[in-house]
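Each of the next two complexes has subunit A plus one other chain: subunit B in the first, subunit C in the second.
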Partner chain A sequence: MARLKTGTRLKSAVCNTQVMIVAAPDADVDLACGGQPMIDAAATPPAGAVISPDAAKGTVLGKRYVNADGKLELLCIKPGEGSLSVAGEALVLKEAKPLPSSD
Partner chain B sequence: MKAVGGRRRCAVAAPDPPTCEHPDFVWAGSGAMALTGFADGPPVLAPAPLASRAREVVQTLAARAGTPALAALDGAALLGEHAAAFGSERRGRVSPGGSCRLLRAADRWLAVNLARADDVALLPAWLGDGDPSDPWAFVAARVARRPAEDVVARARLLGLPAAVAIAPEPAPPPWLRVAQRGPAGRRPQHHAPLVVDLSSLWAGPLCGHLLQLAGARVVKVESTRRPDGARAGPAAFFDLLNAGKQSVALDLGAADGRRALMRLVQRADIVIEASRPRAVAQFGIDAETLVATRPGVIWLSLTGYGRREPGIDWVAFGDDAAVAAGLAVATGAPDAPLFCGDAIADPLTGLHAALAAFEAWQAGESRLLDVSLRDVVAHGLGHAMPPARASVIRCRDEWEVELAGVRAAVAPPRIRPAFGRARPLGADTAAVLAETEAALRG
Partner chain C sequence: MNLMMLLEMAVSGFGERVAVQNVGAALRYDELFAAAGAAAAGIEASGCAHVAVLDENSLAVPVGLFASAWAGKPFVPLNYRLTDSELEALAARIAPSLLVTSSERAGALAGLPGTTVVTREAFLAGGAAAGDAPAREPNWPMDPDAIAILLFTSGTTGAPKAAVIRHKHLVSYIFGSVEFGAAGDDDAALVSVPPYHIAAMAAIASSVYSGRRLVQLPSFSAEAWIETARREHVTHAFVVPTMLGRIVDVLDQRSEAAPARLRALSYGGGKMPLPVIERAMKLFPTADFTNAYGLTETSSTIAILGPDDHRAAASADEPAVRRRLTSVGRPLPSVEVEIRDPSGQSVEPGGSGEICVRGEQVSGEYLGRGSLVDRDGWFPTRDAGFLDEDGYLFLEGRIDDVIVRGGENLSPGEIEEVLLAHDAVADCAVVGIPDEEWGEAVAAMIVLRAGRTATADELQRWVRGRLRSSRMPQRIEFRDELPYNETGKLLRRRVKADLTGAS
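Right after this comes the complex of A and B.
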């Protein structure tokens, strides 16, 4: 459980997934990937941790993931085999950005 | 059109050849020069013969295709059509379209494009906590304290279009790379090619439009979830580029939609696609394998920075890609860059891509063509200007270019009339899919 800060990079303890926090609620968040708590991008993963089979749908590079109330939003900056969840509830893919009418 | 006697008259139109073939005169007549420079200052000459190059490329395509519609088209004037439709004007370090800005970082300048409203939500993740309700004030204040390379690297990680304002590279890259070759087709070359156009906005649709003028049949394919954003812009522009194309809309989030897309692609002679390679892969299409195995298909990949590392996943639009090529520094100075034209990488890429696709199709061998916005502009910057340059002078309320006593007006951007209305989204889906199935079975 930790308070997440916008712009922080986190990585999965059990796969290659890396995310950046795009938006975070003002509360402690129990963020996991592959069923294990996510860790700071520079930290060393705990030995012996493995992907939980019910959290192994994978993450997709460049996609944004949100929780049910939309207050937590992550961007996948490195894909992996685990899937993202908060307090056991799976995060869902956000639809691709609408195209502008002009650039 | 020499200045006459003692009483100076303003030039009203481009002079006759050969003076009008000087790159500064072609630039002045293209509409792009009027879009370059500060709003309260003179229009600015281009650092390279970009408008001349646009004209030559379209002339080459016209000669290849032999169609009167292309022979009558001035490629240089394509550079101003978007601004003419949108009513854009030159704004110095703000792009004419308004979504891209040149900003001073701690050490040098960079460009950021916030064309997509959704990207504003990424600003705190990019630059740190704070209130981005005034996004440009938020970005400018934070960027100013950091090195440009760091800021741009982090923007790219987040999928934001940004670029350091570099000087042009001494050895310009080729504008076209063949990323994959495949078997030759047996298709009779007198047939008009079938183009499946998966692209949006300007570069890709312009390419499809030019191929149409070269005699091709073009099917425009859009996602029902994410249709071409240009549909929401001025009709004069969307119709110009898309009238005469059939419209197919598919739900690419569903297996049925992706299967239908695959069928369309399997039948195409030329595919125009302007997504990042990983997005195409997510639709279940592997362009490399398709080209390596299917005879006589051209896959045209339009990207910001090409299909190779490190830029394969970087997002770009026409203004920031030109900055990345060195155009803003070359137009202004390293410590005073300027936007040059309006999203100029887009039309330049669209017309180069049309020539590349048409020539490759005529050659008959399958090819995956890798054309990037940045490389097209960087290549264009490698063409030298003649030693004698025009000067920019004011005549009453108008601006002119003058060289060796010959003068011409700096023309405003203008847009050709569309030759009809573009088809409504998905109006031809059922007909085209049925026809495709019949053709693939037969």
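Right after this comes the complex of A and C.
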């Protein structure tokens, strides 16, 4: 459980997934990937942790993930086998409305 | 947060695609990443505080941008048209620096104090100072507030100011406006604005994140642009208005078809004369047109008039919709725009005032002068304009260019638009000139279309028939062309000086 800061990079403790925090609520967030709490990108994963089978749908590079109220938004910067959740609730893919290229 | 994240993601998503291409040379995404890592080692070993690039569009520009981000140093693209003494003054402000330049210029610049000069070739070989660099861990700093880019303004008066673009600004702009890996296999974007223009920096970042092939035009000429677009099968391009004007002139003169693959043409960086965009839409009948409005201080685009808006406006009967062809469209979803009166109060749709903008990409900061962003996050752009009922933004010129005639504020843009609607007028600029009776008087400089004539009296009557009499130019002069700088910005001070001197 931690307060998340926009721009921070986190990684999964159990797969290759890495995310960047795009938006975060002003409250503690229980963010997990593959069923295990996500850790700082530079931290060493705990030994023996494995992906929970019910959180193994995978993450997709370059996609945005949001929670139900939209206050938490993550960008997947490295894909992996685990899936993202907050307090047990799975995060969902955010569909982007394409903008015309301006540069 | 660091610009390098964009390149890192590109490498894992499509590392073997061509990232950037320049005449005969090219780098794939994985090669661009390796080149940035090697050059970053050289930057660190040089002990510099800034990395400057004084060059045309060359591979050293994207490599320098990402290598600087990797090494945690601000990247400073310098204007290669600056005189030696101007360059010396800028070099002093960013010392100690590593300065990357062409081999032709490296010798003459070698003596600059606090400046380590390397040639483009040596820099690209990763040999700036460190020799052969091993493959590097992705160990760039993640401080979102670190400075990514410093861009010196053209500085028509006084010393040039350095606009500060932090990593969080440019990365937020990309995240807010570009879908990762959205480019098709054949997508290629032609960059022809010089590296010291914010649009060139944004083009690199956008192209990398979307997975396009970035085709560099070393320096702009209409002939080279057309030839490169054809040869390299370019699909997307951004141009400033003066560039588009020259491109349509050359295509017209040669009675040639537009480059066939080009399907998206975006423009911005100055006021696009309506005749130019109308001719361009005829010459590029299958291209999607996008008008992008932004400032250096906002990390490029904040509002866009997209292809659908162009088509809807061009085919509409309703005047309010037709008029949108002269708007800059609607704000990006990640940006808020508000129009404020001189007391700072928000203005209703339709009302003119200062364009203020808020969003993660907004920097609003000059080095050593602090941020102009207020405590609620709003940046006053000094551009005047208004929003229509549907949120389309219309520009009315710089606030500092507003003409104050007898206590009444007049927008040059409003008068210019009316003059440009006259058949014989190709281009025009309206400025205030000193006047004993009114404080300032309205004056216009006119460029006529080839083979057309119109007298000052006729144009005065034209304006008087469409606007209140206070807007009628008291003085009208004709010239062969208006003074623009090389990136298409109208030099109003020179128009003013010319018209004042002529009176």
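Here is the rule we go by: the second predicted complex is superposed on the first by the 99 of 103 C-alpha atoms of A that agree within 3 Å, B and C clash if a C-alpha of one lies under 4 Å from a C-alpha of the other, contacts with A are read in each partner's own complex, and residues count from 1 in each chain.
Note that in this section a residue touches a chain if its C-beta (ideal position, glycine included) is under 8 Å from a C-beta of that chain, and two chains touch if they have at least 3 such contacts.
Every value quoted in this text rests on a predicted model; they were computed, and no experiment measured them.
Superimposing the complexes on subunit A yields a three-chain arrangement in which subunit B and subunit C clash. In the overlay built on the shared chain, the residue A:P53 is in contact with neither subunit B nor subunit C. Once the two complexes are overlaid on the shared chain, A:L61 sits against subunit B and subunit C alike.
By the touch criterion stated above, A:P98 is placed in contact with subunit B and with subunit C alike. In the overlay built on chain A, none of the stretches 258-266, 348-356, 384-392 or 420-428 of subunit B clash with subunit C except 348-356. Subunit A residues 6-7, 20, 22, 61-62, 75, 77, 96-103 lie at the interface with subunit B in one structure and with subunit C in the other. By the touch rule above, subunit A contacts subunit C in their complex via residues 6-9, 20, 22, 41, 61-63, 75, 77-79, 96-103.
Residues 82, 86, 97, 99-100, 113, 115-119, 121-122, 124-129, 157-159, 200-202, 225-233, 276, 278-279, 282, 313, 317-319, 343, 346 of subunit B are the ones touching subunit A in the complex. Looking at the complex, you find that subunit C touches subunit A at residues 1, 5, 8-9, 12-13, 142, 144, 168, 175, 177-182, 189, 199, 202-203, 206, 210, 236, 238, 264, 266, 268, 288, 290, 292, 300-301, 304, 306-307, 332-333.
Those residues of subunit A lying in contact with subunit B across their complex are 5-7, 20-23, 60-62, 73, 75, 77, 95-103.
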